[in-house]
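Read through the structure below, which is laid out as C-alpha cells, and then see the notes.
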Amino acid sequence: MSNLSVSLFGYTLKNPIIPASGTFGFGYEFSEYYDINCLGSIALKGTTLEPRYGNPLPRIAECPAGMINAIGLQNPGAEAVVNDELIKLSKVYEGKVIANVGGHSVDEYVKAVEIVSKSDMVFAVELNISCPNVKGGGLAFGTDPKTAENLTREVKKHCDKPLIVKLSPNVTDVTELAKAVEIGGADGISLINTLLGMRLCLKTAKPIISTIKGGYSGIGVYPVALKMIYDVYKVTKIPIIGMGGVSSAENVIEMMYAGASAVMVGTQNLIDPYASKKIIDDLPKVMERYGIEKLSDIIGRAHNA
Amino acid sequence: MSNLSVSLFGYTLKNPIIPASGTFGFGYEFSEYYDINCLGSIALKGTTLEPRYGNPLPRIAECPAGMINAIGLQNPGAEAVVNDELIKLSKVYEGKVIANVGGHSVDEYVKAVEIVSKSDMVFAVELNISCPNVKGGGLAFGTDPKTAENLTREVKKHCDKPLIVKLSPNVTDVTELAKAVEIGGADGISLINTLLGMRLCLKTAKPIISTIKGGYSGIGVYPVALKMIYDVYKVTKIPIIGMGGVSSAENVIEMMYAGASAVMVGTQNLIDPYASKKIIDDLPKVMERYGIEKLSDIIGRAHNA
Amino acid sequence: MREEVLKVISNEPIAKDTYKMVLCGAAEKQKAGQFVEIKLDGFTLRRPFCVADQDGDRISVVYKVLGAGTRAMTEIKEGEELNTLTSLGNGFNLTLCDRPLLIGGGLGIAPLLYLAKELKRQGKSIDIILGAKNKDELILIDEFSKFCNVYPATDDGSLGFKGNTVALALTVEGDYDGYYACGPEIMLKNLSKLSIDGEISMEARMGCGFGACMGCSIKTTGGYKRVCKEGPVFMRSEVLYE
Amino acid sequence: MREEVLKVISNEPIAKDTYKMVLCGAAEKQKAGQFVEIKLDGFTLRRPFCVADQDGDRISVVYKVLGAGTRAMTEIKEGEELNTLTSLGNGFNLTLCDRPLLIGGGLGIAPLLYLAKELKRQGKSIDIILGAKNKDELILIDEFSKFCNVYPATDDGSLGFKGNTVALALTVEGDYDGYYACGPEIMLKNLSKLSIDGEISMEARMGCGFGACMGCSIKTTGGYKRVCKEGPVFMRSEVLYE
C-alpha cells in the first residue's frame, strides 16, 4: 500500500494535502460536503488581531485560467477565531491546523500570533507577509528582505509553535526573501501567495474589482509557483509548503519533486468543493503509475534527478 | 464602419494587432496560410548581432494554461535578417515591421540595432531587455532600472528609428523600469515578456526543458500583463504596446482600455496559426457590441472611466 | 449544496437575449429563492442562476446573455450534461407575511415565478409588480398572468405604469404586510422608501457560491453575511448598502 | 499545412497502451513521413503524430499512451470532431534509393507502414526490421507481413533476432543502398554505425508544429533546421547529435 504521510516540524500529516488559507473558510462548513478528516491539515482563513470586514464588493473577477480576489482579509479577529471558529471546527475535525495571520504592523502581527498560537488545535502558524489586498500592510513586508527578516524575528519571539512565512511571488528574486526569513528564524516557508493581476469590464472599461487590482490564483499560476519552489529549495534548509494552481494529484507530485514537503490546494476548492478530497483519493493511483511508494521520498527529487 | 487604425510614432497601422516577437518567425512563412497584409505590423523574431543556435532541445514544455519556452534567441544574426529574411518578407508583406533585438552587452545591442534599424522595412526597433532564456544577458538589463536606463540611452544614440523597450514582468515593480527607460529616451514600451516558469517530468522528476527554467506565456499570464500595462500607463507618457496571453478580440479591447496603443499576439499564433487574422476579423463585431466606433479612442479608457 | 450532473432538456430563447434552460436530474426539491451554479466548459468560475421553477426532478433557469459565459450557454444543446451545484443559498421565507406583494425588475422576475407558485400552493393570492425598460423586455408576463394579479411597470410606459417598480409599489403598499423582491441593485436599495419591510434576493460576483471564499460578503445589521450562504435572500431592513 | 476538422471513425487499442485512431475528412493526400497535429480539449499545445496510413480522405495514426494528452485521447469516441493541422513536415523521399531497408523501433514502426505501402506501389520490394523490447510490444507485424519481408528484433529475443534493430541492420546492410528509419533517439543516433546512409524521422517537443517558434530546431551539417518544417525526415548523415 502506498504511503502518503509526510512530516512537518515533527507533526505527522496523513497526507500532504492542505486546503490553502482563504479558500476553505474555517473548515467546518466543508464537513457538510465530505468528512474533512481525510485532509492532511487545514490552513485557516487569514486572521488579524481585530475583526475586519475586508474590501467592498466586487471582490472577485474571473480570468481565463484562474481568478482574481480582493477579499481583504475578512475575518472575525484572532480572539473569535480561537474561541468560536476553532471550537466549531474541533467538533468535525480531529487533526491539527495551520493558523494564517495577517497584519499591518509588527505589533499587530505579534499580538495576533500570540493569540492564535495558544490554541491546542494549531500546530503551526503561517505568517502572511504577502497579501496584495490590504492597504499599507501585508505586501510591503513581503517585498523587502530586511523588513521580512525583522518581522519574522519579532514574531518568532512570541510564538511557541513552528512559524511558517508565506512569500509573495511579486518580487524580482524570491530566494532573497526566503533566505531572509530563514535567517529571521522561520521554521518553514510557504509559497506562492497570489500574483498581482487585474481585469476590466468590457462595457464600462472600469476595473471589475473594487480595489482595482487583486490577487491572481488558479491553474494559470502553476508554472510560476513550481519555479519559485524549485529555486527556494536550492537556497534554504527549512521545509517548503508549496501551492499555486494545484488542481490534480499529478500537480502535487511535481511540486513535491520541486521541493515541497506539503502542498496546499487553493482556488480549486472554490471551483470544485470536493477538490482536496479528490486529489487525496487520486494520489495512490498516480503514485503507482510513477512507481512512488512513499510520498515523502520524492521531496526535492528534481534536485538530484 | 468601424475604424480599427491606430498610430504608433506617427506610423499608421491599419489595426493594432501585431504578432509578437518569436511567435511568427520572420513572418513570410505565415503567408502560406493567409494574406499577412491584414496585420497591423509584425514583430520579427529576436535578432542578435551574431547568428545564434540557441539552447539545446527540449526547448518547449506545456502548461495547463500556456507554455514554457527556452528558445534562447535562435536567429541568423542581424546582417542575415536584413539581407535575407526581410527581403523574403518584403515579397509577401507591404507594411513595415518592428525589429526585435537581443544581446549580452551594451556594445552588442548597439551594433545589432544599428544594422537592423537601417532597413527600410523597419519602422521601429524593440529592445528585448527581458529575455529569460539567454545566460548572462537579457534579463539582467531588465531588472535593474539604472542599467536599463543606461542601455536605452546608449542604444538610442545609434538608432534613428523609434525605440521600444520591452520589459520583463519578473520584477517587484515594473513601473520603476518603465520610468527608467523613458528617462533613458525610449519612444515606447512593450510588455510583458514571459514570466519565469518551469515544469518537471513526472517520470524522471527532471526539468523538462534543457535550461531548467524558461519563459511562461499564453492565456495564463493575461491578468498579470493587464495589471502591468495599467500601472505603466499611469507613470509614463510614451505609447505602450501590450501583450501577454491575448487570445481574442475582447482581450485586445480590454488591453487597450488598460493603456495599450497596440497589442501583440504571441503564443496564440502557435496554437492556432490563424489566430492573429481571426482576432482582426472579430474586432469590428466586438467593437460594435461595446459601442466602440474608433479603436484608438479607447486607449487608456480605464483610467478615466 | 449538492454536486449534480444535470441533463439539458431544452434551452430556448424566450425574449430578446433571454433564454430558458430546463435541466433534469435534480435529486432535491429546491427552495424558491435558492440558486444553482453551472460549470461551463472553458470558464473557470461557475455561473450562478436562480431557480425559476421546479417540476419533479426538472429545474428551470431563465438567463440573460450578459458576457462570454452566458453567450456560450446559448450554444448548449439538448441532451448535453452539465456539472452543477444545486440547493445553494437560503431561499425565501414562505411564511414571511400573510398578504405579500411581489416585485420583480428585469431578470429578477425569474426567481419570483417559482416563489409565486409556492405561495399560491399555500393558498395565498398573489399580486406582482413586473418592471422592465419597455414592453419587449418584460419577461414571463403571460406565465404570471395565469395565476397572479400582474401590475406591469415600464420605464417608457409602453405597458402598464410608466415608471419604475418602486414608484409603483409606493402607490399600493398600504394593501400589503410584506414583500418579496428581486431585481437590479438600485431597485432593491430604493425599496427602503416603502414603509413595509420585505425580503430581497441579492446578487454578487462569486468565487465559490457555497461559503468558502468570502467573495460575496455584504454588510448587514447582523454583521457581515455571505450572499451565497446566509443569502441570497435578506430582509431589506438588515442590508446596509455602502 | 492545413487546418482541418476531422471526424473520428474509430479509436481502438491495438497493443498494450497502443491505439489506432482513424480520422476522416482529409482534403489532401499526406506524404509518407508527414505528420498531423491534434488539438485536444483542455490542453494548450497540439499533439503531433505521424500519419500511419491514408486511404482516400481517411488518415490513421497509431499512438502510445505516454502522458495526460494521449491518455485523454483514448477516451475520444467515434463521431467526435477534432481540430487538426495536417500535411505537416517534409515526408520521406520516395526516390532515395532503389533497394531500401526499413528500420522501425517501438512506436516508430507506425509511420513506416504508410511508407512501405507507398514504396510497394512503386514496385519496390520491401524488407523491414521491426524492433521492440519484447514480442508483445511489437506492433503492426501482421499488417507488414502481408506485403513485406519482416525481420523482427526483440531485446529479450522473444521473437526473431535477439538484440536491437541497429545490431540486426549491421548484419544485413550489404544488401541495401539506403534505409528509412524511425524510432527512439538512441536508435537513430546509432544508425551512424551503418556504412550506408538513409533517412530518419525525428521527434522533438513542439511549440507550434509549423515552423513559427523555433522550439524544435536541431543542428545539422546545413545549419539549424526545424524538425517540424525542414523535418521530421532528415538524412542520418546531416544530423549533428550533441
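When the chains are written out, they are named A, B, C and D in that same order, and each has its own residue count from 1.
By our rule, a contact is a pair of C-beta atoms (placed from the backbone, for glycine too) under 8 Å apart; a residue touches a chain by one contact, two chains touch by 3 or more.
It should be emphasised that the depicted structure is a prediction, and the values quoted were computed from it without experimental measurement.
Mean C-alpha position of subunit A lies 34 Å from that of subunit B. Between the CA-based centres of subunit B and subunit D the separation comes to 36 Å, rounded to the whole angstrom.
Centroids of subunit B and subunit C (each the mean of its C-alpha atoms) stand 46 Å apart.
Touching two or more other chains at once are residues 63-66, 202, 250 of subunit A.
Interchain contacts link the chains end to end along an open line, per the touch definition above.
Contact between chains, per the stated criterion, is found for A-B, A-C, B-D. Subunit D contributes residues 1, 3, 39, 43-46, 67, 85, 204-208, 210-219, 224, 229, 242 to its touches with subunit B in the complex. Partner subunit A is touched in their complex by these residues of subunit B: 63-66, 68, 143, 170-172, 195-200, 202-207, 212-213, 216, 219-224, 226-227, 230, 245, 247, 250, 253-254, 257-258, 290, 298, 301-302, 305. Within the complex formed with subunit C, the subunit A residues making contact are 22-25, 29-30, 32-33, 45, 53-54, 56-67, 69, 71, 74, 202, 208, 218, 269-274.
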